[in-house]
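Should a chain be cited, it is by its letter among A, B, C and D, assigned in written order, with residues numbered from 1 in that chain.
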Amino acid sequence: MNILVLSGSNVGNKTAIASKSVFDAIKNRYGAEHNIQFIDLKEKEMQFSDGRNYLDYTGDTKEVTQQIMDADILFFGTPIFQASIPASLKNLFDLLPQNALRNKTSSILTTAGSNMHFLVPEQQLKPILGYMKANVVPNYVYILDTDFDKDTIYNDDIHFRIQKLVEDTLILARAYKEIQRQEEEAYGF
Amino acid sequence: MNILVLSGSNVGNKTAIASKSVFDAIKNRYGAEHNIQFIDLKEKEMQFSDGRNYLDYTGDTKEVTQQIMDADILFFGTPIFQASIPASLKNLFDLLPQNALRNKTSSILTTAGSNMHFLVPEQQLKPILGYMKANVVPNYVYILDTDFDKDTIYNDDIHFRIQKLVEDTLILARAYKEIQRQEEEAYGF
Amino acid sequence: MNILVLSGSNVGNKTAIASKSVFDAIKNRYGAEHNIQFIDLKEKEMQFSDGRNYLDYTGDTKEVTQQIMDADILFFGTPIFQASIPASLKNLFDLLPQNALRNKTSSILTTAGSNMHFLVPEQQLKPILGYMKANVVPNYVYILDTDFDKDTIYNDDIHFRIQKLVEDTLILARAYKEIQRQEEEAYGF
Amino acid sequence: MNILVLSGSNVGNKTAIASKSVFDAIKNRYGAEHNIQFIDLKEKEMQFSDGRNYLDYTGDTKEVTQQIMDADILFFGTPIFQASIPASLKNLFDLLPQNALRNKTSSILTTAGSNMHFLVPEQQLKPILGYMKANVVPNYVYILDTDFDKDTIYNDDIHFRIQKLVEDTLILARAYKEIQRQEEEAYGF
């Protein structure tokens, strides 16, 4: 399967560090079986969605959207800005068609300054992923600024939870593939 | 596995009819393999949660909460009252401990008078189920009053979607059981 | 104006203590001008809504709903149970008609065990109040268990914020009364 | 007071048309008393927030954020993309400091293809405005594609509701100014 880990922020480096930890955890355990990619939006020159089909953009905008469309499993790393996801991440969703995430198992990891926004992924991001038909993994990893020490996550509990998120996501992705296979069989797609 | 279909309303009969359709769909397809129960809250004399442990209640309150705790798979049928779930259903959650739904795969079906509340299950019910550690099935069936003709759902598309919800839920439940098994193995529970 | 402070919990005493603080703050400052009532749901024998008109109930259920309908200003005290409001409070809303809170200025105070549920009033309660046409006061007071010392709130900042909530609510209620007056004038009600 | 009407979309023209209707309604009724501005994001070259202070940007990004900061009353026109607000609008919030909307009365009008997203302003936009300390006007105008005929809103009920939104917002803004004045007096700001 194609696995894409995407750091959805273009501010600071905590979301990228956390997303990279997810990428490494997948690579270590499933690197031989699956094709695993990493995107840090901060390194991309993205255009705002202007209503065109995603295939009509050029450069990074086209490449990033294409990689999302090609993925079977998605890990969205997001910071919390103003009690919601950042525009940089929302823009990716705006660029794609409504059913873009159908049959894609999608997981969330969040970096935040405070526990007061613990429900933001639940209330602001999951409804978007659900609307786009993603198979959303129920649990998510929520990482506080205080879990970081410079460029690493030093709280071991976070690494443990990232490991578990990765495992759960992969098992669920296989289950969803089985659902999809049975559907296609039943309806002769 | 123990499967419980629960109609969470004590007003009207639409939620019970829809929940009964789910029950029948499971019975037809999986009746031989699984233990399937149906509860209509309207027929129960429930007490409001007063903070006691659920085992300390008596009568219907004890029986219903015990059946939820015993289930591996839960289907929650809910109407929409005042842009949220009814108190009758919320009370069940209040009666139970926080982790009551851990390792229980949980699906939602909703009856509503208008499409304007389509996001209520997403925004009001899923966060509760998620908090209680349920494995929430992403898609849900949303049934309008106009899909009913007296005591039956006459819109065939709804029956098709109920069928699909049941199948998806059962496949996911097996996937989650596998996740649970691997966890218990890894940590020697 | 009729002001009603309502403690929406029937578990523990923190929500009642906090609601009583609001009641006292109003009484001290506006006691001469307004009619101020206090209800603690824990002391009431409420029935679950069964779909009847609120006037058709008897006893406490009828009295409490009638007092809500008679209020111009409402302060809802709520604990957080399972990432949402308790069934005891939701039941009040279920008992009332959809437009029950029209022209009623409504404020929220919340007691909670953790900051992780800071957004529950925003995401779970405000949408209900808004649907019922309340004029919802944007800010709310969120009180942690650690702000309490036995039967009092010992964190002075909370008292300051309750004071401010009361003042803001009263000024807003007057503004909304003016909006209502202008409407009725314009349309000759 | 400075009033800013902002069309938050850079796709299509429905949100701009609706926002322009709000602008005209204010101009007609309050043009003599207040300074009223209109911004259509579609005509602006905005940069994504990269974490800098809003004063450190140049061009349209600086001008638009400055106009928001200078406003006393804000009307946010938003389409619904993927069950939330578009990145173009979210980006404005990301560019500004957390308390940017303090003491600013803020109203919402929404254009959408379906009633199924009626709760998006309630669940996705209001929590952001609330977090940024805006005084959010409870009711909002929700306009369907079918309310438009080419470049005009032909459904008269929408014009009536826009008119009412404008009036309510102006009365509330005055009430909030009074709250602010009393606060500043009390604390000697």
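For this structure, a couple of remarks:
Basically, a contact is a pair of C-beta atoms (placed from the backbone, for glycine too) under 8 Å apart; a residue touches a chain by one contact, two chains touch by 3 or more.
Here the structure is a predicted model, which means the values were calculated and not measured.
When the interfaces B-D and B-C are ranked by C-beta pairs in contact, the top one is B-C. Of all chains, the one whose mean C-alpha position sits at the greatest distance from that of subunit B is D. Distance between subunit B and subunit D, defined via averaged C-alpha coordinates, is recorded as 39 Å. Subunit C has its Cα centroid 30 Å from the Cα centroid of subunit B. Along subunit A, residues 83, 119, 123, 127, 130 each make contact with two or more other chains. If you check the complex, the residues on subunit C that touch subunit B are 10-12, 46, 48-51, 81-88, 90-91, 93-94, 96, 98, 123-124, 127-128, 130-132.
Partner subunit A is touched in their complex by these residues of subunit C: 83, 114-120, 123. The residues of subunit D lying in touch with subunit C in their complex are 119, 122-123, 126-127, 130, 134-136, 138-139, 167-168, 171-172, 174-176, 178-179, 182-183.
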